[in-house]
Structures are given as structure tokens and as C-alpha cells.
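Some structures are shown below for you to check.
Look for chain A in each of the two complexes below; its partner is chain B in the first and chain C in the second.
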Partner chain A sequence: MQLRGNAMSLQLKNIKKNFKGITVIDGVTLSVESGETLVLFGPSGAGKTVLLRLIAGVIEPDMGEIWINGQIMAGVEPEERGIGMAFQNFALFPHMDAAQNIAAPLTARRQSRTDVASTVEKIAKLLKIEHVLHHKPKELSNGQKQRTSLARALSAEPSVLLLDDPLRNVDAKLRFEMRLELPRLLKDQNATVIYVTQDYKEAMAMGRRIAVMGNHGIQQVGTPADIYLRPANLEIARLFGDPVINLVNVRPESSPSGITVHISGMPITLNGFEVAIGRDCILGLRPESLQFVPENTTDAFAVDIETESPLNEKIVTLAITLSGEEIMVSRPANISGAASGRAWLSIMPSNALLFDKVTGNLLKPNLMDVSA
Partner chain B sequence: MTGSMLHLSGLEKFYGSIDHGVQAVKNFNMIVEKGEIIALLGSSGCGKTSTLRMIAGFESVSRGKILISGREVQNLPPVKRNVAMAFEGYSLYPTVNVGENIAFALKASRLTGSEVAARVNSVSQMLEISDILDRFPSSISGGQQQRASLARALVRQADLHLLDEPMGQLEPQLRTLLRGRIKHYIKENGLTAILVTHDQTEANALADKIAVMEAGVLQQYASPSEIKNRPANLFTGTFVGEPPMNVFPAHVSIENANLRFHLHDGLELSYNESDFAQPVRERMLEYRDVVIGVRPYAVHRAPMGAAGMIVANQWLGDQSHIAASFAGKTIVLVEHDRSAGAEGELIFLKIQPSDLHVFDPASGQALSHGQELA
Partner chain C sequence: MNTMSTVERILRGGAILSVCIFFMFPIVWIFGMSFQTNETILRVPPSFLSEPTLVNYKGLISGQLETSAGGLKVDFMGNLFNSLFLSTTSVIVALILGVPAAYAFARLKFRGSEDIAFTLLSFRFAPPLLVLLPLTIYFQQIGLANTYVGLIWVYQLICLPLILWIVRGYFEDISADVEYAYRIAGHNFWATFRSIALPLAGPGIAAAGLLAFIFAWNNFVFALVLASADKQPVTVGALAFITASGIQYGQVAAGIVLSITPTFVLALYAQRYLVEGLSLGAVKG
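After this line comes the complex of A and B, so read on.
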């Protein structure tokens, strides 16, 4: 991909990094536009934090190039890169109170005292720490330390902001509020942001684009809808969604009604998947895309209900197919389901995801056939 | 209550002396029946872990009594209480493998070798650790250790199963799967379990009853649906529920047979007086200044009504969270589909009188829930 003038404020080109002979970053290429918040999502150990440290310049890549605002960063010291960071281990100055910590980048630039005070106040209010501004780090809870660290990163108004799981230690209620408010705050800052999280809901809420890391590389980059509705592979499908996506072994075959797979020994039509005929596949079914239907509905399969549990305002049913696979079904609490015994589930074919069992990659339906 | 499996009566915990120490648990009373799953839920420092540790016998009781199966146990050591435990730091035996660790819990039982093996296999399969039974604790991950420790507790017969953050170390995908399985296992084996968690999703999914704790005080002890539909106070109302309950200060008046909640910025919610039962109306008018609460799932869009401007619209795959500025604050609504509406758009909101929770702003106590008095 070509550099599109100044629009790309951060570019990574084929970055590789080994530690003691072990590959931790294996050829990452990624572009972030100026003013964009890109979410970097992945399980622990995927290499997210290492990638941030490479961008920050704390460590150097073994191979590849990092470009910031049109300049290559090789040999550029961390403090000269124009990057703001809020990392997991807070790193606050222990002898300064929260306000002084937040103001540190501003006082270093010799801004006037009233300007500094008003900036600190504004950011502290947005992050809901204005009541602890005069507390020293040791008097702050972990969540407050984390927000102080975030506030300090924001106050510097860097052109690139690296946020490593900034809501990790914040309690559930505040985390939810911050999830709603942070995107706006970051947009107002007009910074280019890489936002690391392990929480898929946070990832979907925070970013117009999400880069999913796994196996030391970027596995998929896309909008929340791309990733949730068309995950590139099984691993990504499993990382997004609560409850986790159901996976059933199937082998699509040709039949008079089109292409079918069998669940609980019952035929389900999946048109457009000629490519998968006779191949061992895994059918991915999102728990919320399954519906309880009367017996003998076409394209439905039988299950035996094990338990029901509430999940927020939903009901999650754990059921077992007649061939012994676990299936989770979620539905809004105000919709009736099946509490026990034998029940039938229908699949919306457009919601079914088919993966190649060997490679784990998503198989794309032949759209011509779907419309036919 | 001699019939109950656990009875906590006036339980208190002070760290340091009773006169000058820090009180972690205050006058805690609770009854657990055989076969129930109870979740102690709260944020860190609320006293939930101290309570569990007192029941287990790891922590001395400052005041009050603990009865397990009718027997007073607060002065007995842990091993004499007939409880099975999965605690952080209550670790696996390092010198034997995972399978032997789990089987060890059945040593005192009169099961034959093959019966023991069958039980170990079934609990290991349930917790997805069948493949590491011959590994030693030091060579497995934290999440595997946690599941091995849980297996060792669940495989036993005991009066009580005490589980401290039993899934805290597990990755989220595994957690969602195991929640359903563990509940099924506990119910099928007729166990009585008390778990400590800070995760309300886990508490709601697993527990028959949730004990919500804050500042050492039991705030509410009820079923998940009771806590959702009839929160005892503002703390419980806003702590349990995801996303959290929306709350707004309001002034109540009745004009022309309309009951009106006057909110900030001149906004108001107006209902027919008859939408509220007489005692509920009277209670509200007695207070006049109240806090109203409405769950995000109960805020609906309408063709007209109180207006709010969308400030965020976040789709999470199976639901959308919409935040709108409303009466000087943010109101959140949840829709089950991918919702329409961009930032800056106006929407009109409707809240059914049956979905309104009303609280006393001074004490935080609930006054009414929909048609009923609290």
C-alpha cells in the first residue's frame, strides 16, 4: 500500500521482532490515518504491547520500518517521536500529586500557569478524577492511577497516542461510562490513536477499525461489522461475542434442495457453498442468531436443553445436539424459549459462518447462488 | 433455622481490635438452603472475601455465629467444617500430578478405585482439563491450575462448596462455556455452593441468589430477577445491571390528573395519575424530591416524547448501546439489533411507568418499583 500523503500519520511496514530467538512480532504491516483511533485487539501474549513499545521507540525492530507523519523512525529517540503513552504500569511520579502529574508535560513546555490549570481541570473532569487531583499516586486506587496516567498522556496533545488497555483496572460501571465517552474525547484531541484492549466489547465500541492480533501478526483489519459478521478465521470468530460462537463439525453435501449440512442428523440448507462440498468444515453459529422454533420447521435441528442462565437482559440456554455437541442460544429475556427437554433450533442461513476445518479460514459463499 | 445448610447470624469482622480496628464485615445475616448456589458480589474491599474466608475458617470471626448444617462451627478449624474449597493460594499439591490432586480429595470417601477414576474423569472433562491429568502443577498455566483446584473442590461431597473467584484466571471464551457447565454440575450433584465474584455476569449466570455487598454491609440478598426488578436501594440498582441503570433527580407533582417528574433543563416525564397505584402516588408525593431510575433496556424510542441527542451509538454484535444527552446527563438505551442513529441526531424517548424505579435521594432506599411499593 502506498503512503497517501499526510493522511497516514502512522505506518508500520513488515515489522519483525525476536526476543532470545523467539519470534514475538512476525511481519506486521499496518497504517493508521491521521485523527483515527485504531483498536489493537488480541488475547494476552499476541504481541500487542511489544508492538506499542516498538512504535514508541523503547525497543527497536529487527526488520521493517516505522513511519510517523511521513518520517522514518529508525534511530529516532522515543522522546523525539511526538508520541504520548499511557501504559499498564502507570509510571506516575510518586512525589507529585495527580494534578502535577497531569501537568508535567505542559510545565515542561513552559505554558502559563492558568493555561495549565484549565487544561488539567478539563481533562480531569472528563476522566472523572477531579476530586482526587490533590492526591499523591499512593493515595489513588488503581483505576484512578490509570486515569491519571491517561490524563497525562492526553494533556501533552501528542500527534500519536498509544493507549495500552487504559480501562483495565477501572470498575465495571465507570468502564462502561468511559467506553461511551472516550471516543469523543479522542476525536476532539484529533490525535492518531492506537488503543489496545483485550475486551472485545471495548474494541467494538472504541474503534471504527479494529486490527486483530494473533500468532504474532495481524490476522484481520476491519470495521466492527466486518470482524463480527465475517471473521477471517475461527480464532477471530471465537474472540468476539458473548457467549462464544458455537462451532459444529459438518461436511457440506449436494442435495436436491441445494447444499446441505447435517446437525443432529437433520438437514440444514446452506446455499452458495459449492466450494465446501465434501470438505470437512466447521459451522459457526452465533448464539443470538439461533431461534427456538416448532418441531418439523425446515432448516431446524433438534437439541436437548441442559440449563438456562440469565446473562444481563438475555437468557442463555445450554443445549446438546443429538450428536453430543454443546450449543448455546441467547435471546432477549422478554422472548419465550424452551426451558427443558427436547427443542428445535432454526438457523438464519445468512448468519451461518462456514470455516475450513484444516486451515480454520472462513469460506465465502458464492453470492450468485444465494440470489438465484 | 436448623434445616438450612448455612446460617450466618450477626457475623462481624474487625481487622485489629473491635474498638479501634477496621470493620470489614458488619452484622451479616444470611440463610442458605441445601442445593442453592449463592454469589457474594461486590467491588474490591466490600467484605465479600472476608465473609467467605470466615465461613471457610481461614479468618477468625470477631462477632456472631456460623452454623453449617445446624452445627456451630465458628470456633472449629477449616478441616472440621466439612467444606470443600477452591481458593486462590489454597494451592495444589506440587509433588503429585493433576489427576492425583483431584483424586486425593476423594481419599476419605469409600469409593472404589474405578469409581474414583470415573468421577475424576467426569469433572475433568467438564472443566476441560482431561488432557493435563498427568502433568504436575508447576508445569501448567494459571488458568489450568485454577480449573484443577476447582475440580478438586467440586469432585468432593461436602456440606458446602466455597469458591473464591473460581474463574478469575480464565480467558473469557472459556468462562462463558464453563459457567453453564458448572451450574449444571452443581445442580445435578445436589451441591450447595457459595462463590465470591466481582463479575456480575458470572453471579447472574450461576447463582440462585445474589448477596450484594458494599462497605461491609449486605445491601440485598435475593434472586437475580428480584435484584433486577426490585433493587433495594440506589447502590444495588446502579451496581447490578449491565449497562448500569440510568438515574435522574426529579421533583414530583400532580397536576390535572397527571403525575409529573420534573427533571433538569425543564424536561419532564408525564404520566396519567392512574398509571400509578394510589399507595405509590402517595409515597412519591410524600417525598416530592426523588431519584428515578430506569434500566437501559426499558428506555424506548418513540415518535414523540422527551427529546435526547445521540452522543454515541456503539454496536457490540448482539446489541447496540446508544447514549443520548438527556436532562443534563447521559441516558443509555440498549437495543437488540444494530441500531440506527448517528451522533448529533435527535431521538424521542419513552419510559413505561411500569419500568420506573423511584428512590429516596437522602437514604438511597427504594420507594417504589413500577406499580408496587418497595
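After this line comes the complex of A and C, so read on.
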């Protein structure tokens, strides 16, 4: 199913949707290339599921256009869009067995009975559910339900596949397995995939590109590394990362050594942020970008250690700055650090993120100084 | 269950027994009466089932009642047929009209949908006598008085709201995602209604149909006013047993036994189906 060159397989143009006067989707524009897996990430209530339903055609947008494979979808019924969708709650047909569930998209395409049976068998084998094909949904475990719902979405080889948080309702072990298995499966399907999740690890594992939703719109689209290292705003910075990013109130000032901020009353040089001078800002420090250093190191600040929790491969320390702000520090287990009392932390200025306190947006450093 | 003590078990059994006696006694008594003649019924002290006889049933089925004051012609079997025909047809018509309407009220939110649904329900609040008088006049003018069509039409006042509101609740309980999933799989609106919504609401439709049937069967006042002898159901036909020479208790009892049999059998059959339906709702939410 080769589409021409660089054809955009799915395009959303300025989509808006209100429910009873409440804005749910406000001006979403998004393109997904043919064969690409785009992860749609965002907290619950951000409008991810609504966006998928708009694409699937079960609800209509108030404004904007949806294009699938070069065709505008206005007025096109869901059954005519050639989409496969897996629901967060599985949405299996309770009165049909697993095989009939998986066959539903095939019978709609009027395939012969033998063709349907062989396709169902093939896809069931792929998803390892061939032994439960004749069970009703209520007789399936959650993992089997989830695989059945995926099989149903995949069975007719749709060109666009919408996966609405399919791993949400399955246990941790299965989620981990599927996180490894799904990307390969999706690649073999050669479909355009939108994968919705609110687990940032899943988002980073599943897609080459992540679109972050929040506030009823798309806030940032980028590679997992882009979003982790350069989050567009405070909200996104908070959503990605475990332990969460440390946020410290600062006010950058001009000083003889460049631009400095004060943490625990100690000056830290943060060059390149001329734009931020004299403004109230929030400094974002990833827990793993902080390092324990000896006292009196330049550009280090003092903290008091509260607790330390070893998490097998890493150790997370909770510390308090002298001005009372909580700081989490994460370090590999084989690197030593302070376990109690007063300690000093240094930051890597290139990893520090500075946000405008009022707008919450990321302030970009002067490019000349980034390399320094 | 094994942890129950003997005393507890006896108390529980006693409680169940007394409830059963309370509810079953009138039915058992009527059943017994239906096998006795008026003379044995009215004897003091009562001699329950001393001389069982089939004379009441024979009379009802042949249409010729033998009473102490002479013969009496009744068309009880005709009444029974009328009840069966009126109730069944009314329920079928109400299902054909009510189930799609219930689906529309459950799924499609259109302007005034709540108002229309409530208006339909309010038909059940109004006393039937309120509409009967004007209805009789209209029906006589347009020639619907004393016709099956007219009666079935009026019976919709009983059946339609019941079916509409019960089935609507069942449709609303079906996750919309299940229907969306079927649409997205490539099936159109009607196929989804037929293959997903209808089977999943099946137990509800059966329950509503059964209830509507019983309500229609038990209706008295509509048929009393709007139907003459040849269209009367059993509820009205039973009046014939109140004769100049007294009330024919034996025949009344036999008539009751015959007239509750269809609803009784239906309820017994549907009960099994309803229980089965209740366990179907096990969908992961």
C-alpha cells in the first residue's frame, strides 16, 4: 500500500470543538505522514480522546478540516473512512466471541467466510490470542481483551490506525511487554498511527514524534529528546520525567561574570539569558542534571538533605534549599553522594531551563552562548 | 451458607413460608374454587375441594353455563381470544414504534427531545377516564368505536410509554464506544442498530414487552367503554358472571385461572431470559 512520495496521510487544520458551550478542542493543526507513528500525549481532560473521535468521524468538528489520504472528511461517515481504532476501555462487542469481534471489520468489507476465518486466525496468532478465539469478552482477561481489541483494529489493515491509550487498563507487566512489542507490530502494518497515552515513558517509547496536548490544543510537537530537553513550557516540563523536574523561583541579574541567578543565596552563572534579566522566572533543573560537588565549588549551591531513596539502578535524594525549596537529585547507584546533612549541588548550565514565570513559556538562550 | 445455625435456618424457612402463604393463598384458593360448584363454595363451613368438578371449565369452554337459575350464554373463549389478540398486537405495535423511538431518545440529542419523552411518559399519569369521554365521541365520529384498530390504538397509551422509558434506559446503558467501534469497523448506522444496540438491549426489550403485555391484558376501563360484547377482553367479559341470580363464584374462579394462565406462562418463560440477560452486562468499564 505505497502512497505517493511524501503524501501527508492525515492532516488536521484548525479543528475546533465545543460541547455545551465548553471548548474542548481549540484550533488544533497537526500533520501525520503516511506510515508514521505519532504519539499524542497529554494529561487527562486535554482533549486527546475527543480528537481521535473527530478523526474517526463519530463526532463532527464545529470548525476546521480533517484530511485523510488526500480526501476531506467533512460529511464522510465513520464506516467510510477506512480507519482502525482501539479504545481505552476496549469496547468489545459483549455478545460476540473474540473471533467475531476481530472479524467485524472484515465482514463489513464483505469478505468471503473462508477469507475472514484465515485473516482472523493470522492476526490472532500474531497477537497470541488464538487459544481464546471462541471466548466471549467477559471470559477474557484484561490482557486478552486488550489484544482482541488491537486485533480488531488491525484486522482489515486500515491505512489510519487510532490507538486510544490501549495499555491503560492492563497490568504493569503486560504493559511493559506490549511497549516493546507494539512498535514492531505497527511498523509491519505500515499504517499511519496516532497513539494516545498519558504515560510519558510510553510516549517516549512508542513514537519518533510526540505531540503534546494541553489546554485544548497542541502545545508542542517534537522528537522525544526535543520535548524532554527543550519543553515548550512549564506544564510540559512537569509532565515528562520521573522524578519530576525541579522548579525554583529565580530573578536573573546582570553581574560582572555574566548573568546570574541566586539559589540558596548563592550566585549561579547562567549565560545567554539576556532576555530574562530583571524578570521573575522559574528555573527548571532535571534531577539527573544535578551533581553533588565539594563545598565552595563555583556555581554550586547549598542544600540540606532530607531523605534518600535507592531505586535499584538510581538513587533519588530529596533536599531542601536554604530558602526552603524542595530539590530532587537523581544519580546512578554507583556514584557516591551525600546521604545527610549539608551538601552542595552544581548544575550544568546547558541543561538548565528557564521559564517566564508569568506565561510559563520556555525562554530561549542567546544561541552564541549555548555552546559555552 | 454452611455457617448458618439450625435455629437461623428454621427461622428463615418459616419467614419464606409465611411470605409464600400470604401471596399464594388467594391464587390457591381461587384455583380450588374453580373446581367447585357455587353450592359447595357457599356452604358453611367451607369444604375445600370436597367434590372436585370440571363443570365450570366445561361451561366456559362450551359457552353454555348451567346455573341453579337455568342456562346462561357466555362467550368467554371469545373474550379470551380478544384479550390475547388485543394485548399481543398492541405490544407488537408498541415495540415497532417504541424501540426506535427509545433509541433516538437515548442516543440522538435533538431539540425538545426531553420534552417529547416526558410528554409521552405523562400519558401514564393521567387518569384514563379523563381521555375516555372525548375519545368515545371522536371514535364514534370517525368510525373507530368498537373496532380492534381503535382499541389497539388506545392501548398504545398503556404500552408505548412503558416500552419507551424502559428500553431507553437499556440503550443508554450500552457504552457508546461499543457502537462507535462497530461503525468505525465499517458498518453503517442501521447495521449497528441491528447488530449491536438491539441484541444488547434485548433483555430490556423483553422485560418491557412483557410488562406492557401484562398491563394491556389487565386493562379494564378502555375496553369497557370502547368495546361492545364481541370485542371485549376477559377483564370486561368477567362481568357477565354477575347475574340476576347471584355471582357465579365457581365460573369467576375458572375464568380467572384461564385468564392468568397466559401471563403466568409468559412470566415464567421470560424470567429465565431476564436473569440470563442481567449477566450479559459484564463489559470492562
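One rule holds for everything that comes next: the second predicted complex is superposed on the first by the 332 of 372 C-alpha atoms of A that agree within 3 Å, B and C clash if a C-alpha of one lies under 4 Å from a C-alpha of the other, contacts with A are read in each partner's own complex, and residues count from 1 in each chain.
Rule of thumb we're sticking to: a residue touches a chain if its C-beta (ideal position, glycine included) is under 8 Å from a C-beta of that chain, and two chains touch if they have at least 3 such contacts.
Keep in mind that what you see is a predicted model, and the values were worked out from it rather than measured.
Novice: Could you tell me whether chain B and chain C fit or clash when both sit on chain A in the superposition?
Specialist: Aligned through their shared chain, the two binders fit side by side on chain A.
Novice: Using only C-alpha centres after the superposition, what angle do chain B and chain C make about chain A, to the nearest 10 degrees?
Specialist: 80
Novice: Name the contact category of A:Val58: first (chain B only), second (chain C only), both, or neither.
Specialist: Second partner only.
Novice: Touching A:Pro43 in the superposition: chain B (first), chain C (second), both, neither?
Specialist: A:Pro43 contacts chain B only, not chain C.
Novice: Should A:Leu180 be classified as contacting the first partner (chain B), the second (chain C), both, or neither?
Specialist: The answer is first: A:Leu180 touches chain B but not chain C.
Novice: After the superposition on A, what does A:Arg109 contact: first (chain B), second (chain C), both or neither?
Specialist: A:Arg109 sits against chain C, while chain B stays out of touch.
Novice: A:Lys138 contacts which: chain B (first), chain C (second), both, neither?
Specialist: Touch partner of A:Lys138: chain C, not chain B.
Novice: Which chain, chain B or chain C, is in touch with more residues of chain A?
Specialist: B
Novice: Regarding the shared-chain residue A:Pro94, is it in contact with chain B (first), chain C (second), both, or neither?
Specialist: In the superposed model, A:Pro94 contacts chain C only, not chain B.
Novice: Closest Cα approach between chain B and chain C after superposing, in Å?
Specialist: It is 7 Å, taken between the nearest C-alpha atoms.
Novice: Common interface residues of chain A with chain B and chain C?
Specialist: Touching chain B in the first complex and chain C in the second, no residue of chain A appears in both lists.
Novice: Over in the complex, which chain C residues touch chain A? Could you list them?
Specialist: 175, 177-178, 180-189, 191, 196, 199-200, 280-285
Novice: For the complex, which residues does chain A have touching chain C?
Specialist: Chain A reaches chain C through residues 53, 56-58, 77-79, 81-85, 87, 89-95, 104-105, 108-109, 137-138, 142, 145, 152, 156, 169.
Novice: What part of chain B is in contact with chain A in the complex they form?
Specialist: Its residues touching chain A are 43, 171-173, 176-177, 179-181, 183-184, 187, 200-201, 204-206, 224-225, 238-239, 241-244, 295, 297, 311-312, 314-318, 321, 323, 330, 332, 334, 336, 338, 343.
Novice: Touching residues of chain A toward chain B in the complex: what are they?
Specialist: 43, 171-173, 176-177, 179-181, 183-184, 200-201, 204-205, 224-225, 228, 238-244, 286-288, 306-307, 309-314, 316, 318, 326, 328, 330, 332
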